[in-house]
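Below: one structure, written as structure tokens.
Order as written gives the chain letters A, B, C and D; numbering starts at 1 within each chain.
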Amino acid sequence: MATHHFTPERYYTAIGTYEPVLRIADGDTVITTTVDAGGADATNTSVTPGGNPQTGPFYVEGAEPGDTLAVHFDRLWPNRTYGFTGLYLAPNVVDPWYVTEIPHTEEWPRAEWELDLERGTATLVSPETKLGKFTLPLRPMLGCFGVAPGRGQAISTATSGPHGGNMDYKGFEQGTTVYFPVAVEGALLFVGDGHAVQGDGEIVGTGIEVSFDVQFTVSLRKGRRIHWPRAENATHIITVGNARPLDQALQHATTEMSRWLMTDYGLDMAGAHTLLGQCIEYEIGNVFDPAYTVACKVKKSLLDILG
Amino acid sequence: MATHHFTPERYYTAIGTYEPVLRIADGDTVITTTVDAGGADATNTSVTPGGNPQTGPFYVEGAEPGDTLAVHFDRLWPNRTYGFTGLYLAPNVVDPWYVTEIPHTEEWPRAEWELDLERGTATLVSPETKLGKFTLPLRPMLGCFGVAPGRGQAISTATSGPHGGNMDYKGFEQGTTVYFPVAVEGALLFVGDGHAVQGDGEIVGTGIEVSFDVQFTVSLRKGRRIHWPRAENATHIITVGNARPLDQALQHATTEMSRWLMTDYGLDMAGAHTLLGQCIEYEIGNVFDPAYTVACKVKKSLLDILG
Amino acid sequence: MATHHFTPERYYTAIGTYEPVLRIADGDTVITTTVDAGGADATNTSVTPGGNPQTGPFYVEGAEPGDTLAVHFDRLWPNRTYGFTGLYLAPNVVDPWYVTEIPHTEEWPRAEWELDLERGTATLVSPETKLGKFTLPLRPMLGCFGVAPGRGQAISTATSGPHGGNMDYKGFEQGTTVYFPVAVEGALLFVGDGHAVQGDGEIVGTGIEVSFDVQFTVSLRKGRRIHWPRAENATHIITVGNARPLDQALQHATTEMSRWLMTDYGLDMAGAHTLLGQCIEYEIGNVFDPAYTVACKVKKSLLDILG
Amino acid sequence: MATHHFTPERYYTAIGTYEPVLRIADGDTVITTTVDAGGADATNTSVTPGGNPQTGPFYVEGAEPGDTLAVHFDRLWPNRTYGFTGLYLAPNVVDPWYVTEIPHTEEWPRAEWELDLERGTATLVSPETKLGKFTLPLRPMLGCFGVAPGRGQAISTATSGPHGGNMDYKGFEQGTTVYFPVAVEGALLFVGDGHAVQGDGEIVGTGIEVSFDVQFTVSLRKGRRIHWPRAENATHIITVGNARPLDQALQHATTEMSRWLMTDYGLDMAGAHTLLGQCIEYEIGNVFDPAYTVACKVKKSLLDILG
């Protein structure tokens, strides 16, 4: 159970079977950094082309297709004070006729935020809007991360799928464990796209984009086959579906949760579905990117009762 | 500001311009009852055909197209101990291939719940499942209610729209105020479809369906034009979009919230959109019915800062 | 088998259970007129508010819920020379980012066409565009027509459903027979919204809108229950689904066609599905309105082989 | 303008930047073969894993990102007599509740067809259905082909995108020229997935799947940037959008056609949109795969008028 300090030198804007940057063992911890969505590092210097550049891939010894890789986020925290966001709602999240009311500019307009990493806040500093010096508490999360897909694929970090990717779900924060279906030897884990804060849906096309310090610990569940990313935190178990429209993302997440309740919690279908019918909670990841994200949650306290 | 006790004698399964059952004034309170989604009353006797039968319509004196009608739910509570739910996930909320794994029966299978109205709980009593005597705290809400749409329409209580209708959103509970766009003289308010408990999405096709005692108070905002249902509770302001796919429901809700922030909270578009981008919260109403429902929420504490 | 000449005096912008304007018998023919989508008649005089105003309802003696009403279009032809269309693509039929490139005007911009009813052509006369005097052959069709829905509903002529409505499908032209599921006593048939020409999708929000002479003949199929509009012409049998997104409209149309092949053409499921898999043809009705329309077609020549 | 005879030795089930199998020049012709969707060759022997295995990639000298690659299908014809199709409609193309009526089998059920390559027909030979010896004329087409996407991506041949891929559009037949946006050096063209016949939508999950002889000729349009696949045949120009839901695929195709009319046919926006509004024709490619396909067509005869 080694701890690896890894300093990235190159980044990928697709998640696929590339040469591993580090080989780690089941139980190992990695301490590393990620650049922001635009490719700028902790000094806000552009070091790689933008588009959610990823740190990795990390090869997990012993991981094979059909296994599950657990990734626990030990620490996720911005490592600089400059953050930026999109200024206007994306045209695909508002009524089509409303789009014509949004200012059309040649250049994509950006808002800028000052992060106070001690106090844990982000304050809007430009442009001048009626929000004034609007300040929000940090809630750091990773927007885009995942494992290499199978079939020789390499999938753009603009989008998402069963392998993870650009899900922009605020539940992917420090203290959460995320489970991925392993599709290639070594799993090949990538991490990137830190957000200091993000609303549901990532509806201006960004969270507060910033470079991050990232520490995670992997563990392998041999022979445990899952179909979509799963997660758990102190209070909930979570499944995630990625697709368009949202309806389909929700179908994936709901089906995966139904399977989870039946295989791991001893429920029959009637029991699992009845519990889901009255207790399920949905949250929405991004509705900005080519594939949208829906998270499906069940309270652990409900499952504890089942014994 | 009178209080009316109204005992319904007939019910509607469409929301439209029907003969009012009661005329009330701005500020008045109504104490009444609703039957369950299947048409059974407080004695669990079938008194009207099923399909979310509505109590009403209530004619609000002075309400005209272009106004907003506020409906505050003073009290929502089941008035009998028998509740029922669907047993299996609806085929439209799971992966199409998974549908073939769900038991296919001639009759729609129903689960039954015993409500303890003193302790505020619901317990699964049949069929026997691995859930055992699964018990949940009550969280009573109305699934279907709204005001008559314009243009001579009468819209089935199976579905929803700008007028409200079958939204099945768990936020529509006691203590919440809901705002509707008035489309006809007198607004013509309908209420029905009480759920003792309901998970997000109403994914088994029901909440815990039960007859209700309902007390509400109306108030009129003359000349205030809104486009979609809005609401507020102690902590949030809320907008609701009803459409398929979910993407479109979300577009409606987001657009309506953007408009609300700009007209009532003094924000310019850049400010409103920036706040929404990093602070919006989405919740999902039903994904079972012909139109799906998305609620868009903003914390009041964020708006208080704006002064 | 009488022929009725009916001159409308009032019009409806919802399809529902209104007082019949004429009672007709099984086999009867009606010769009447329709105003254009904006409510203007054969003299281009506004006679009723816009929004696809309907002529009717026509009560068909003996029609009951569970029957099918066949409506044969004997003649559909414009009765004036002035037509109009939308000028720009609707924002919901193009990429969301492209919407910002479309000119935004306070008033909805309209193009005007001169119809030559002898030669059967329509020529663009304003505004001046690079198309010049663009001339198209007429292909007259009805955009919006249908029968009263059940459950006390009255559905806006902006949208569509199992009852028909605003489908804007170019296959609904002279010589075609359309079948509707009867949902109320007398069926209550409405007709309106003539288009001299229309592209698939009605993507500028209109066909060439014009008032029409309409002649149709009804026949009743007692006890024949269908779920969605069906049609046939010289070459094809057709089913129509109305919903959003298009995926769902296509599901409705495909399911209805599958049922038709099995009940009326002697096919088992494997045969029906195999035929559909390799021979189905889809066409797209409107993608502009609240519900979209997909038509599913099978060549009669393929069915003749089956004997 | 050489003609290359190429015999494939390996196949890919993703479209990406792999080692070219052949380098060809602008204007060159390639004569080659493709295996069927399941990986079986002209002798119906399995030679590679299934999933629309592709022949290629072919490197086109001089092709660079920002160019357009034209691929003319000189000849597309099955090279064996055995074909197969799916037996039942896919669960995602019918109403969710209808899915429960479709037989559920452990193994995916297959229908088999005998092709007569002289007469140009395909006849159903098993299983026994009420269709009997159902015979259809061949209409050979390629279901899956395209060029390598940019950004280091490799995209599964199960799906489609701006790079082409698994579009299953029956218009991609002999005599058609298809245009792709070049995203990598050499374009890297792949071809595969021949269908002897296919209905719109590929709604049983297959056309009549068979191995093919393929002859195509490439030409390069330097510096011509397009965003989605385009095509032309004797009668139409065509654009293709690939996405889910169909609504979005249609938006892509419509936007691309609007751009094409304005850049190449001298139309202003009002002219291009007015022509599209009354003359556009849509066709549906597959609605089975992760991304759906819509083709948007305009008659060349309409454009000839424009001069």
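Heads up, the rule we're going with is that a contact is a pair of C-beta atoms (placed from the backbone, for glycine too) under 8 Å apart; a residue touches a chain by one contact, two chains touch by 3 or more.
If you're wondering where the values come from, they're calculated on a predicted model, not measured in any experiment.
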Each chain counted as touching chain B and chain C at once: A, D
Copy-to-copy rotation for chain C and chain D - C-alpha atoms, rounded to a multiple of 5°: 180
More contacts between chains, A-C or A-D: A-D
Over-half contact-pair match to A-B, picked out of the listed pairs C-D, B-C or B-D: C-D
Centroid spacing, where centroids are CA-atom means, of chain A and chain D in whole angstrom: 34
Chain centre separation in whole Å, for chain C relative to chain A (CA means): 46
Contacts with 2+ other chains: residues of chain D: 92, 96, 101-102, 244-245
Chain contact topology (line, ring, star, complete or other): complete
Complex interface listing, chain A residues touching chain C: 90-92, 96-97, 99-102, 104, 245
Residue ranges of chain D in contact with chain C within the complex: 85-89, 92-96, 98, 101-103, 109, 111, 124, 127, 129-132, 134-136, 197-204, 206-208, 244-247, 250-252, 254-255, 258, 266-271, 273-284, 287, 292, 305-306
Partner chain A, residues of chain D touching it in the complex: 12-14, 16, 51, 149, 151-156, 243-245, 248, 290
